[in-house]
């Protein structure tokens, strides 16, 4: 147990150190500068993927609208700063709260009944949000989109990189605190056996709603970061396609693991950028990959590795003499 | 008054299309407990097949109809066999995800091949006058075609052995497998029927608009709304819900706003979920 | 002794079928009540009615005089009724200690901000949880499995774990649905010992059983259901010689 914990910790530390040092090298070449931007976006999607993981991976509720929530976050910070005139640093937390509130409102009717309602409602919601931002040019700024003026501290590419990295780390720390706690265990209990969790006093409705609301809070953060990184928001960010991509990042990286969504998002976003030349066809592979993953490796990359480790441990303890008497 | 009647007829025509899609979805849900999010994309493929058959290959529209139905039925069987069957018995969240993978693959494949919208000529390019308002014949064809399909489906479910087995399975899945109904065969058949229904809807509707890779998205959304409104798994509910939504939408467009016609469905969904989550005709709750 | 649970004229219909028909009985605090009857007699339905999974069509259910009729399961659990399921419901994919910890959630008050910021309350309750998990692990004899996945431990240990999960929240009344179902004779003894220990700890027990022999030596009172109707009630020996019970059980009871 102890050794494993330390190993995870060291691994996380090594990743963080790499992420922190990388820009110093990337800064030197123009190709490197480009990659730094790609990495910034990749980390933003890692925030979104980690937030989806909370509701999808830990609580077992298929939210198919994270694209919409990221979009709502992006638009709300841009509109707050640009049109309402709220200070950026105040608009940032407000955006997260607003997005969380929208999620709460969506969750309220759709978690009332068990079954596929939540997945259906969120998918519908995403299509509607997209249609609204596409058509309502007063809100979305139409083709030109909604620009956002950034505070001076964030005007540099490098600053934005570290800014996003810092928020990714914060997101992961918060998610970690939650999932290691009794609240996280309650989320997992709903994923595992809803009837039993109700029978031990856990209101499935309450915890689904809680997990979804928190998840939307961080999706809103991802949106705000997206607006910050791109300086301009248009309706394409609210597309349900983004919901699907985030879903893929989480699934491939590994549901219900901390590292999975991050590795999935950063790795795949980077890969997608590399094979840009393939155009739309890239996503055909994505779709097929998603099906293969869910059929053959439902726990994804990191989950698969963990499973292997658990399996090895189970085997070891299965050979211990105490078990042979009982079994 | 005649304007109102005209809108109602357009609503019935819209509803015919919704109903055919919702029927497929509700059959698949009722019998297999699968939320088949890619059903709208099957419809989209049907519209493109019509384009290939009738425009590119020059096949007669009425001959293309059964061809499209057959091709989609086959596609439906493949989807069931390759995507959903391996996931039987796993948590339902897995089937949602697989459905998303499927629709993503289909949509991007089609868009990758042909990005721009295409059109199919209307087979009967005429209008008739109804109460002083002109109405395209194709709209009437859609309404009548849907009714024919409905009667055929009714006959199939009540009169044939396979149909009765499907009905039995929709009502009691475990019981059905106990009395020796072959679940695999029923699953494949259900997907074939549902996809063929989507094929009919696509072929009948495609001449009235343009064909795009995204055309299935809003449709599937509305079909799901109808299925929820009507009660998941309820055939009666899907039929009634389809026509209701079609008429509401047509009247909404005429009297409220045409820009946000797609929002009506969603508003309706939220209201129904808040008031009666099991739907208007739904008895059993999904678990 | 006082009455802890009062089931008063409870009826549940499914469509045309009356699964439970005007059933009355009471459970004395600190006793063990057995609920027996042939398959489909409505025993599990009755548990689901008490536990809140179903809402009765008629009748009232009272715990310590408090009307809990129609409460949702999580409120019933918080009120002090723990239960197990016929199918041995566990959090299969989670380790044994976490299964137990989840059972204690209802006794903790830390909310999401507490756990994010590790407030004193969150830390105090975390300690409390660990302590309670240790207690119940020892009580149920599951210590050796504490970090194994619940789904991977032996069948009989799973049955004890299910009881352990229900015990975590310190219930006053425990409903056990066939706690020894599908377990061999030798292991049945271990579970019966555990049930006795539960009663000694002052917890009232209601148990559904098929194995007559097991029930006879364990319970203080028996309630017999047949086709949803209560056909007999009383001390086990007395109930067993009741002609109606003998008929329902085809004489199995006497043997």
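The letters A, B and C name the chains in turn, as written, and every chain counts its residues from 1.
As a convention for this text, a contact is a pair of C-beta atoms (placed from the backbone, for glycine too) under 8 Å apart; a residue touches a chain by one contact, two chains touch by 3 or more.
It should be emphasised that the depicted structure is a prediction, and the values quoted were computed from it without experimental measurement.
**Q** Taking each chain's centre as the mean of its CA atoms, which one is farthest from the centre of chain C?
**A** B
**Q** Going by CA means, which chain is nearest the middle of everything shown?
**A** A
**Q** Calculate how many whole Å lie between the centre of chain A and the centre of chain B, each centre taken as the average of the chain's C-alpha atoms.
**A** 32
**Q** When the centre of a chain is set as the mean of its C-alpha atoms, what distance in Å lies between chain A and chain C?
**A** Centre-to-centre distance between chain A and chain C: 40 Å.
**Q** Taking the mean of the C-alpha atoms as each chain's centre, how many Å separate chain B from chain C?
**A** Roughly 46 Å, centre to centre.
**Q** If I count partner chains per residue in chain C, which residues reach a count of at least 2?
**A** none
**Q** Any idea which chain C residues touch chain A in the complex?
**A** Contacts found on chain C: 51-53, 72-75, 77-78, 82-83, 85, 89-94, 98, 101-106, 108, 110-112, 115-118, 122, 125-126, 129, 144, 147-149, 152, 154, 156-157, 165-166, 168-169.
**Q** Touching residues of chain A toward chain B in the complex: what are they?
**A** 56, 60-62, 64, 108-110, 112-117, 119-121, 123-125, 127-128, 131-132, 135-136, 240-241, 244, 247-248, 251, 279-284, 286-291, 294-295, 298
**Q** Looking at the complex, which residues from chain B come into contact with chain A?
**A** Within the complex, chain B contacts chain A at residues 29, 35, 37, 83, 86-87, 90-94, 96-98, 100-106, 108-109, 111-112, 115, 217-218, 221, 224-225, 228, 232, 259-260, 262-263, 265-266, 269-270, 273-274, 277-278, 285-287.
**Q** If you look only at chain A, which of its residues touch chain C in the complex?
**A** Chain A reaches chain C through residues 1, 174, 177-178, 181-186, 188-189, 192-193, 195-204, 210, 214, 310, 314, 317, 322-323, 326-327.
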